[in-house]
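To keep things simple, chains are lettered A, B, C, D and E as they appear, and every chain counts its residues starting from 1.
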């Protein structure tokens, strides 16, 4: 019953269109992550669903009922707010049990649920503190607790884990997933953490400037991004983009060229296209024996080397360009980010040869940004080599 | 909109001595009148080097009292002359907060005041031992105002009413009759709210006309406190209560007396001067007891004009039948104001000059003509000039009768408390649902007055 | 490298300089320092006069002297408390205390309820709210003397039109302003008319200061309007309500002005009536004693509020 | 699947409980209607006496007897005539000066105190709050004599005479600043204590002093409280009479305020009710305007978006 | 000049010791990250440095000056607050320029700096908005802007990027680093993002329950954690811990055994120790040809498989235990997390054999939690094989 449906929802502020013609159809029990750059309209979308702001246009249905004009309390939702908003005059117990007390639950039932939430959130010892006596992360957990003690039609969670440390976050993720399984409640979840979006959600909805870019299962978004925006946004560090042109032989840019037969794909010779390749799909040519469809090797020079512990980011430049920045923006065109095993020994200013796996290359229309294809392996062989992209769907 | 102060900003010149008089004659009048007042003083012989500035005081006597108390306690030098209500001048005298005039004025002037002014007024401005502390500015004595037109239409001859007081019984008959004949809303309106005026004046008058008194004869009026008899529970006072109960609640009232009743509304128990005057002025009452200021209002052409008649208050028992001196017959409570001198004034010489000028016939006549304030000296009061004054002049006889039968209130240190106790006791005794008989109520009042006396020495 | 501290061009303003000097003080000392101006002011107005008045209360009344009589210790207090001064007061002391307390409890309750209701209305969005708000504040802008005049004329039998119908309904006597019970009701209503505005304004300000996102949270949590009021609005405006009630209680326990204009102290002898009437009869010692006893009774009430107030502040936000 | 039972009725309570509940509970049109009923009720009860004041003003003084709820006669000229007797504008001007000076002073001093009480921890807070109120425990009559002496230069302390403020506006401003301070301190304490600590912290880290943070951040964000304290103080002082009638002799040039002007229409026995009513109405007008302006500051959501917590 | 020194700083709340005997010596121009679980005292530490709370005990020195009792404004610091704390009555421009206006900067200079900050933060278009009209991420950026327009002795940043999306976060990271280089200002930075801590900081300070656990360069913390806590906390997903005992032959637990000569290390036979191994150091035995010091293979069964896009997390159980959770807590003892290449094809419930590289194994004292050694390669060969751990120091 807890399906949530937005139809052409638009929210216009004085001079900003925060949400633009958004249509979403979220199934009962589904876990959907909303992702997108800061200010793209995620929170506003949540607020319209919750009924806290009325959409300028469009309709919202929850559990099959048109709720566009219903007050929040009749929508059967629980929400974790991005700005936390604990009740300053209530202690943690009262904050968490607020929704239950509203509904005149029995004292024992309230105790039971609060205790359980406190266990999950590891705030058992804080129940009689006032919000002003909590740390940032503790406050956020209380805010989550306030939502999860209830059993609504749908949960809306707006960056509920933003202020938690990695370990606790992983724990919370698990708990939320368990909760989701247990209650089978629809969850709409805003997060900036890619790992969260990837591991938790049934589908990811990618927003940009108020508009829905793609809604699809996580790996589809990762492996078959609908457009340049999604390709660049999903994945961290993000995909390398090389602008070039389709030639009869394949793709040609200042930096690299990739051979393929344009006729086998949805491109025509002369098109301005952007080639996308993820950092982990850039391989050192001498470690590339098990790549099925290698491209021509490219000569590069290492620039900045960023060891991350479990992997190393290597910035490669075309011509040994003097650069000390690792800014995403400047990577376009003449810089290439490669992610390699931490065991690999590389030093700065070293000449290396790299190549890509054609199975994991993406082509985008430069004009519209739309994806043209997600593999440059001739369609005849695609089935096997592109298996990764579909294995999870 | 200019504002009244703009039209003649006359100010004292630098070589004049400014004497400030607070409130009193000329206060709260327009600047034009104040100029006239100065002229009147000058033409009454005041040196032109002296400039009298009249400072408007607050309008109600209670507020004025509060100011004086505060200012005099703090020893302020200004104003030079205070105008005080005759009802509360004595406590200031007893506390030594005002200037003795016998030290300030020459003996001639002092004896002029003592001999030529209304005796009761002088008493209200003197210490119990007779030392003079103030000069009466003007006296006040209430009268009964009536609708001459209606009364005469009803067949009564009002000839001689100004000088010959009638009995309460006759008064009640006439009122009831005229009221019935004219189907008028009210018969007799007076003031019986629980306030100072009931104790000092309205009740005092009823009681006195029935031969009663608070503290026996007039000789006890100003003391000695706690050594004089309390007589408020004797016949006169009780009769007064019974009479007024009948007036209000009808002759069948359980505590009433055998006198025509239902001539006064129960509302009088909440009325003071103005609230009781309004119905009369508006033609809704036959009889009305009030101070002379209201004669000026009611007798004005645009109001009742010639339809207004005035007479002294009726009597309950004849003077001769009364037990205590100064009671019985008609009686009018004495009000009025006195000029007293600030002992801290730096301009006492000039003040003396001003006081003398204010005492002059010329000036008292001016204030009667211009401001309607009664002359404080019987001589002026009875003069032809006074009779010629518009409106008031018509009723001089009645005022004279009232004036010569004026009874001062018994102002002592105990009076402020006693006044309150009397007012509330009398008001309560007059209420329809009173649980006590008039006698019981007055007995209770008497013991309360006694207690107060004890605590006021 | 750190270039921040050099910019102040020209001379520092003296007030800034003082603020800078104080900044380094420990918090406690700092707090005391900030309180100096307030306590200086209150001290100037209160300290000397109250000491003087207290001294007066230890002296006998002197009805014929300028000030007070002999030093008699606490005799005045004993006399007043045992009722020996009742004769010279418009009402007996304990009667006045009881009457004043009844008036206070009823009127403060009434004003709080009405003020709260008015504030709740003004807290809503509707067209013309600014005008309604002004209208509701208007009674507070009416001076007490005028207020007294208005209601006096309304309930004065020969003038106002409300007495007759109310009398016929059996609610009031024919002269309500001379009847203690009727007067008390009228004084309470009159007082409530004027000072509900005071309560409404303070409470409204409190309501408007509530973080709106708390309402969002509670609405999503499913709270009805009543629940929002009970669980969010009320606890959060409680300090404001308490401040309003505190000062109304102070005012009500000292009620005098309306009584004086409306029905007089004899009819409704409040505690302050006693003080003033003793003062008017030049019983300065008794008056001062009554004032201190009044203050004592008031302070008992106020202590209760203060404890609650400091408590309620602790409950919400801030550092208090 | 949802077990959350919707319970709109909330829990029970006395009749008042029910009343408030229903008055504010307006999810539907019925409740909206009830809201308007309540609104109209309050408008009527608050405005009726004011209307009565208008009736009194318009009815010629001698006709103010056995009144009905409508004016008898329509004597609009009182509003002009009254100026012939009393320079009301001068009294109003005095009241304005007094009220503004007192309000500014009170707000300033009570802001400092409110900050200390509301935001700082120190020993003896409760005691000091109580001490602040102590003067309000006494009927003014109790200390009027000494106070009068104090402000008329009759008290000598350390060889210094207290100032003689008699017949100046100072005679009202000074005592009233003292008397009205506690109310403002309490109001501001409440409001200042509710401003999130984080905002003050931010201002202080940015380089203000605590006082600076008070003026730049806490006060602007407490605008509802500040303007409420201001309105209440202003109006109370504007209408003050108790002190002015002892501290001045009542002339506009001596700093006498509005109420003196209104009372000038009263004398021993007569009260020009119509003039008094008219003067009151005129006197109230500017206050109403000030209130309209000041209450613009009583707006909600001032701290919205400030902190995440 | 901008060194920040804490000496035995303790902050005690009523019943909590938020910071306990903390001593930190941060050099001028250093970039130090504070990390630790939620509620461990990071923010409190920052607040004591800023002067917003006075420490119960201890001394604080900034730029060589004892500031323990100085007010915040005299400490020469700029701070980004965890709770953002924008001035709600000022627009973005005024918020950002607040500190400059306080210091009477010239209008032009203010404009210049605000503009520059707005560029960096991508909030150029929002300068005249009020905070209430901004999205969560936008607010956070304004808060950063307010700090970076100034030139203080030290920046304190409390989770400044928590509400930003991954891409913006990477961008901001770069910008902050650039700023750091440019101004050479000390930066103390709280973050929950491991990548942030790893890439940005000169040193990481790990806190737990108010106590400093380790302060060291990022890779040292990663590779040579001072104790169990740091080992478990740094790295995401976190290190696998296997409890066991030192035997004459090496390490023995229920699950695995590792051969080494106890006498060559700082352990004695019979000690209860915990073996730590990072997920990326768990290798499939058939893909382990280039491991220098392999341990004995361990037979396991795959449990949950979590594809993350650029890597896959595989949960291994000892005996095919029925489990559906990936909770960190439960991993201790009988569960092992392995991170493998995304290309690897693995399915759930598959039997696999794994082994570790002895060079990357850690031993901890079970009692005290202190690290005993960070490599189980005999000290004779350590130099070369353990090179990774020291390469960056």
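What we mean here is this: contacts are C-beta pairs under 8 Å (C-beta built on N, C-alpha and C of every residue); 3 or more make two chains touch, one makes a residue touch a chain.
Predicted model, so just to flag it, every value in this text is computed and none were measured.
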* Structure fact -> Chains joined by the largest number of C-beta pairs are C-D
* To do: With chain centres taken as the means of their Cα atoms, state the distance from chain A to chain D in Å.
  => 56
* Asked: Roughly how many whole angstrom separate the Cα centroids of chain A and chain C?
  -> 59
* Structure fact -> Separation of the C-alpha centres, chain A versus chain B, in whole Å, is 96
* Asked: Can you list the residues of chain A that touch 2 or more other chains?
  -> 71, 73, 82-83, 85, 99, 102-103, 132, 136, 150
* To do: Spell out, as numbers or ranges, the residues of chain B touching 2 or more other chains.
  => 66, 73, 278-279
* To do: Could you list which residues of chain D touch at least two other chains?
  => 4, 6-7, 27, 64-66, 145, 196-197, 207, 209-210, 212, 263, 271, 301-305, 307-309
* Asked: Got a list of which chains touch which?
  -> A-C, A-D, A-E, B-C, B-D, C-D, C-E, D-E
* Asked: For chain D, which residues count as touching chain E in their complex?
  -> 196, 198-199, 201-210, 212, 216-217, 220-221, 301-309
* Structure fact -> Within their complex, chain A touches chain D through residues 1-2, 71, 73-74, 76, 82-86, 99, 102-104, 131-132, 136, 139, 150-153, 183-185
* **chain B-touching residues of chain C, taken from the complex the two chains share** => 63-67, 85, 87-90, 156-159, 163, 173-179, 264-267, 277, 280-282
* To do: Sort out for me which residues of chain E touch chain D in the complex.
  => 47, 50-52, 71-73, 77-79, 81-89, 98-99, 102-103, 130-134, 136, 139, 146, 150
* Within the complex, which stretch of chain C touches chain A? -> 211, 213-214, 216-224, 227, 231-232, 235-236, 315-318
